[in-house]
Each structure stands twice: as C-alpha cells, then as structure tokens.
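Structures are listed in the sections that come next.
Both of the next two complexes hold chain A, though its partner changes from chain B to chain C.
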Partner chain A sequence: MATSFTSSISMQPRFSQATTTRFSLQKPVPVFKTNLSFTLRPRSMPARLAISCAAKQETVEKVSEIVKKQLSLSQDQKVTAGTKFTDLGADSLDTVEIVMGLEEEFGITMAEERAKEIATVQQAAELIEELVLEKTA
Partner chain B sequence: MAAPFTLRKVGVPPNSANLTEARRRVFDFFRAACRSIPTIMDIYNLQDVVAPSQLRFAISAQIRNNAHITDPKVIDLLLFKGMEELSDIVDHAKQRHHIIGQYVTGEGLVQNTGSKDQGKSDFLKNFYTSNYF
Partner chain C sequence: MQRSFSIELPSLVPLQLPSRMETHLWYILPNEVKSTSLLKQYSQFLSPSEKDKVVQMKGNKLKKNALLARILVRTTIARYQTNYVVDPRSLMFKKNLYGKPEVDWQNQKNCNNPPLHFNLSHTDSLIACGVTVHVPVGIDVEDKERKIKHNVLSLAKRFYSTDEVSFLSTIPDLKVQRKQFIKLWTLKEAYVKALGKGFSAAPFNTFTIHLKAGTEGGYNLCKTSEVNSLEETKKCNGEWKFAVLELADSHYAAICIEDDLASGGAPMKVIVRKTIPFVEDELISESKLL
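Our next item is the complex of A and B:
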C-alpha cells in the first residue's frame, strides 16, 4: 500500500473517500470515470456498486496496458474496466497468458481457481489489489 | 507469497479422461512454464536478449500450434514432451544457443525446417522419400 500511496499522491483525497465508501453505502459513482456501465443505475444495488468500484484507477490502467500489448491491440482501442477479454478477441490461452503477465508485472502469484474466474479487466484489477495487500501485510 | 517457483519432477500422470481435463493440464503446464521463466532467464543470461513477455509468447505459440488436436491421449503425449523439454531447460541440460535459436528467433529445430531442395521435381521428391511410387 505504501508504494501505491506514493505513486498516486494527487489522487489521495479521492482514495480516502473511496476506501471509506467501500463499506458504507454512499454513492461512489461520481468519483470513478471508467465505470461507464455502472453509472446508468446509480440507485439500484448500491452495495454492489461499492464493491465493484474498489479497484484503483492506476491498477486498471496497468491491466489495460498489459491486455493491449498481449492481444496486439492498437493504442486507441477502448479498454475499460468492464471489458471482457473474450470481447477483445482473446481465447482461453490468451486469458491465461494475460494473467501470467499480470503476475509478473505485480510480483504476485495467483491461485489457479481464482485466476480461472477472471473474465474482465475489473475482476483482474480487484484480484491483483487483494493479493498485493496480502503480500505487503 | 511469491516464493521462488520450483518445478516438480516429470511424472507420469494418469491419462486424461476427457478434453476438459486435458485442457486443464495444458493450462497448468503453461502456468508452470511461465513461472519458470525468471529462472530460465537467470540460468542462460537472457536478460539483454529477450523480455519475459516474448518468451511467454513463444511458449503460447508452440501450444497454439497444436490447438486443433482433440484426442486427449495425443494431448497427453504432447504435454509429456513439453514437460520433458521444460525440465531439460530448467536443469541446464540445454545451452544458451539452443534456447535462443528455438525460442527467441524464429528458427526452431533443424529437423523441423523443410529440406533445401524445394524447387526440384516431383520425381526427385518421391525418389528421396521411398522406393515405390
């Protein structure tokens, strides 16, 4: 966590709001720009929104970069948090390769069962953050 | 977390019952190979030559080469050969030029490249392969 705070000092006030909103039911929606699909339903299922917005922006960015490089996508292709890997033309081997790339990038090891469930950029970012937290804890 | 990854010995696992299990084995093999990449780069001093992502791509390309196979027994055999190759590489039984030639540049093994006489006639090709044509 220390490294993430030093590298994202400008976003610090937003993060403190985000970490507190993880378990409260305030609206985290205006803070995150990338969850376009979730802004359509701001009032229904706020608890689910709080959990899904838990991934940090920079993690999502890094994951998107790795995905783009792996699948050889052009730089202006939109990869948001909710994008599924299969939508971008990845087959199952590509998904495993992306997961291994993320393991190398963040220095973590993902258990097989958890890595199998990853289908979107958002899930990958959340799992990464969880493991990074466990590692530094 | 992130303890150094050690490769298990090449065992002879029971045959895969169906395609799903063979698929799972393929992914397990791929994960084991990817996690051995730091060791491999360390052993053969490939740090300046290639990036880990390139090696991952080379491994996945080889797996993808055989992606069309549907028989679980054939997949098992290919996996066995793959595990054997991986063990050889990790045990430093190969040398740097093997690794670079097979996985970094696109050359591959000499036995897999086509023969030099591609432009020759069909008669000669048949003549080289067998007595009866």
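Our next item is the complex of A and C:
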C-alpha cells in the first residue's frame, strides 16, 4: 500500500505551482479517499509526502512555530503539515489567536469564514501563500 | 464478551426530560477522574471511530479529555430514556448538513424518541454537555483565567462587532475587560453552535450580544447587516435565549437556546449537575447566573 502511494506522489513535479497540483489537500479527507484507491487513515498517512508539492516547507515551519507558541507546546512536540489544530488541543479561541499570529507574521488578512475553516497546519500554510501572492500581485 | 464490564458499573440513574425553556447542563472535571481502570471501562462504550479520534489526539491529557467528552455525551443522553434502559454504547450519532453532531435515533427500537438536542464543549479542565428538548442548543465553556496572548481590544476589533468593541473599550480595569471579553466569546460561540449552520452562517462581527437594559441578566442578540457601507441596520429579536454562568468557580459557561415563543419571555432555567459517569452525580443547587 505504502509503495503505491509513494509512486503516485513522486509523479507530481516538485516545482509545479500549487494551483495545478492541489488535487485534494485543501479538502477534507473524504475527497482525498475518492482520488486514491485505498483508504488513508490519519495516523498512517505520511503527511509530509502529501504536502511537498503544495505549500513551501518554510511556510509550514513558520506556521508550526506560531501554533506551538499559541498553544504553549514544547519544542519537542511534533507538529507536521498534516497535524490538525484540534488534535493539539486548540479550541476556537486558540484558532483565532493563531490566525491573528499568522496575520501579523505574514502581513495578511484572512476573511473570517476562511480562517475558521483552517483545520491543519497545511491548510493554514496554503491560505497564507495564496494571500501573500495576492498581496504582491 | 464485553458484557462483563457493564455488569461491574452501576446503571445510570434515569432522569426526567428537561422541560421547555430549560437546559440541563452536565459537566466533568477531568482532574477528578484519576482511575485508569475506570477510564478503561469508559473506553468500552465508545464507537470505533470515536476510539480512533481519541488515539489521534497528541498527548495523554488530550486523549483522556477526548475520551471523557464522549463518555459524557453518551451517558448524559442515555439517562433521559425513560421508556426503557438505553445502553450508552448503543447510541449512534450523525452530523447535520453543516457538521453539527446530533443523535441518530434510527437504530433505537422505540419510535417515540424524545426530541433531545445536545451540545458539547470542552476546555483543558472542564467538559460540559447541554441538553434540551424540542429546541436547538449551543454551549461554550472557557476557563475564566485563560491566557490570551494578544491584546484583548485588538482581538475584539478584529473579530467582534463595533458595538461590542465599544462596550469593551469603556471598561477601565484590564482584568475585568479580559473577563468580559471571554464571557462575550462564550456567548457568541454558544449562539453559533446553537444555530448549527457552521461558522460562515454567523461571522462574529455580524452580530452583537449585550445585556438587556433593566433586566436581571438577560442577554439580547442583535444582528447587524450593512445596507450600504455607511448604514448599518440592527435587528434585535427574541428568537434566541442566552444564559451565562460560572461553573466550579473556574469557568464561564454560556448557553444559547432557540426561543419557544410560548415561554412568554421568561428567562432560561438551567439545572447544573457535575458528574463522574457511573460513579457519582452531584446536583449543583446554586448555579451563579451572570
């Protein structure tokens, strides 16, 4: 199972823009399931493989830092792109504080509806890059 | 067979359903649940997907709280089945169109299922479940001493309505301001959760919740809509009832229920109970309404 997953990912060119290769990452898991021939369960999914072609690793790391800071997590706490905020114990007030922290860090403004839909580090990173691109365009 | 575990635990004391305009609020203090064997027994009541979600949580404390949240919901709802005894394990849940969890009664033999509504909220140190009959309910709990990393007014300006920002700005004592911010947060969250239509249905800056003038602790909801960028109309109606109270001297709990017009404007009645499922239930006779 794992090998077929890996081979399908490696076909995605690393340099392609997020707009062309975002096959499922911004949508919740059920859509992801329909694209692939087997069921993925969060704890067995190598999240970092899944995200390498979307948001930059640098953005993901900055987001992780801010999340850890807001939730007062130790530096040892493993936070990857696929980590859900709720799995780290974030409630809705934490999420808006994280959003504010991200807005301050990246100099952007997120519309509340979109911000509240962010569930993972990956989703936050993608939205940030999208907004930063819009800003500099 | 798993049956031997349910024999060890005493059965739940059955209860009368809440009356209209009454909310039953149950809460667990995770720090009071220490027995690992009890926690193990609790896990027997969870569905496979609930168990998966518990496992997914990062860290033992979060895992324990996730487990307690599920046992609280299951046992709370099971208590109100007055026609026959319901095994908390047998309850099934589904989500509405917008993702709000509700009970899926279809597997229950009895067709006369009570129109029970519930809503769950948890913090690090307190997990609460609100139950009503006939009307949707939303609850939110927050630690009174919760650390807020940003400036409270900045957060309010970013997320709350203009009237709420004005209200908070006029509070001179920063500690009181922070507490009021948190209270308002719980009220607003409770409303959105009662509405059950997802976050985008009611962005925080499109409605104001404020104390009704001249009444004891009644709260009003006013929705603002922009006619054009210069004018805002405000519609305040009595469709929703609110209550905020203090739990365990440590938390604010806000409850929002849809108003039943037959109630004649009477305030919401809240009955609070603290529980350790299957171990002890305590009726909290004085729930301080704020």
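The criterion applied here is as follows: the second predicted complex is superposed on the first by the 84 of 137 C-alpha atoms of A that agree within 3 Å, B and C clash if a C-alpha of one lies under 4 Å from a C-alpha of the other, contacts with A are read in each partner's own complex, and residues count from 1 in each chain.
As a working rule, contacts are C-beta pairs under 8 Å (C-beta built on N, C-alpha and C of every residue); 3 or more make two chains touch, one makes a residue touch a chain.
Computed from a predicted structure; not experimentally measured.
Of the two partner chains, chain C is the only one that A:E113 touches; chain B does not reach it.
Look at A:L88: by the touch rule set out above, it reaches chain C but stays clear of chain B. When the two structures are aligned on the shared chain, A:Q77 is found in touch with chain C, with no touch to chain B. Judged by the touch definition given at the top, the superposed model places A:V96 against both chain B and chain C.
When chain A is checked against chain B and against chain C, the one touching more of its residues turns out to be C.
In the superposition on chain A, A:L131 makes contact with chain B only, while chain C stays out of contact range.
Across the superposed pair, chain B and chain C both touch chain A at residues 69-70, 92-93, 96-97, 100-101, 112. The touching residues of chain A, when paired with chain C in their complex, are 41-43, 69-70, 72, 77-78, 83-84, 87-89, 91-93, 96-97, 100-101, 112-113, 116-117.
If you check the complex, the residues on chain B that touch chain A are 1-3, 5, 23, 26-28, 30-31, 34-35, 37, 52-53, 56-57, 60, 63-64, 67. For chain A in complex with chain B, the touching residues are 69-70, 92-94, 96-97, 100-101, 103-104, 107-109, 112, 131, 134-135.
Residue ranges on chain C touching chain A, taken from their complex, read 52, 55-59, 61-62, 65, 122-124, 140, 142, 146-150, 154-155, 158-159, 185, 189, 199-200, 203-205.
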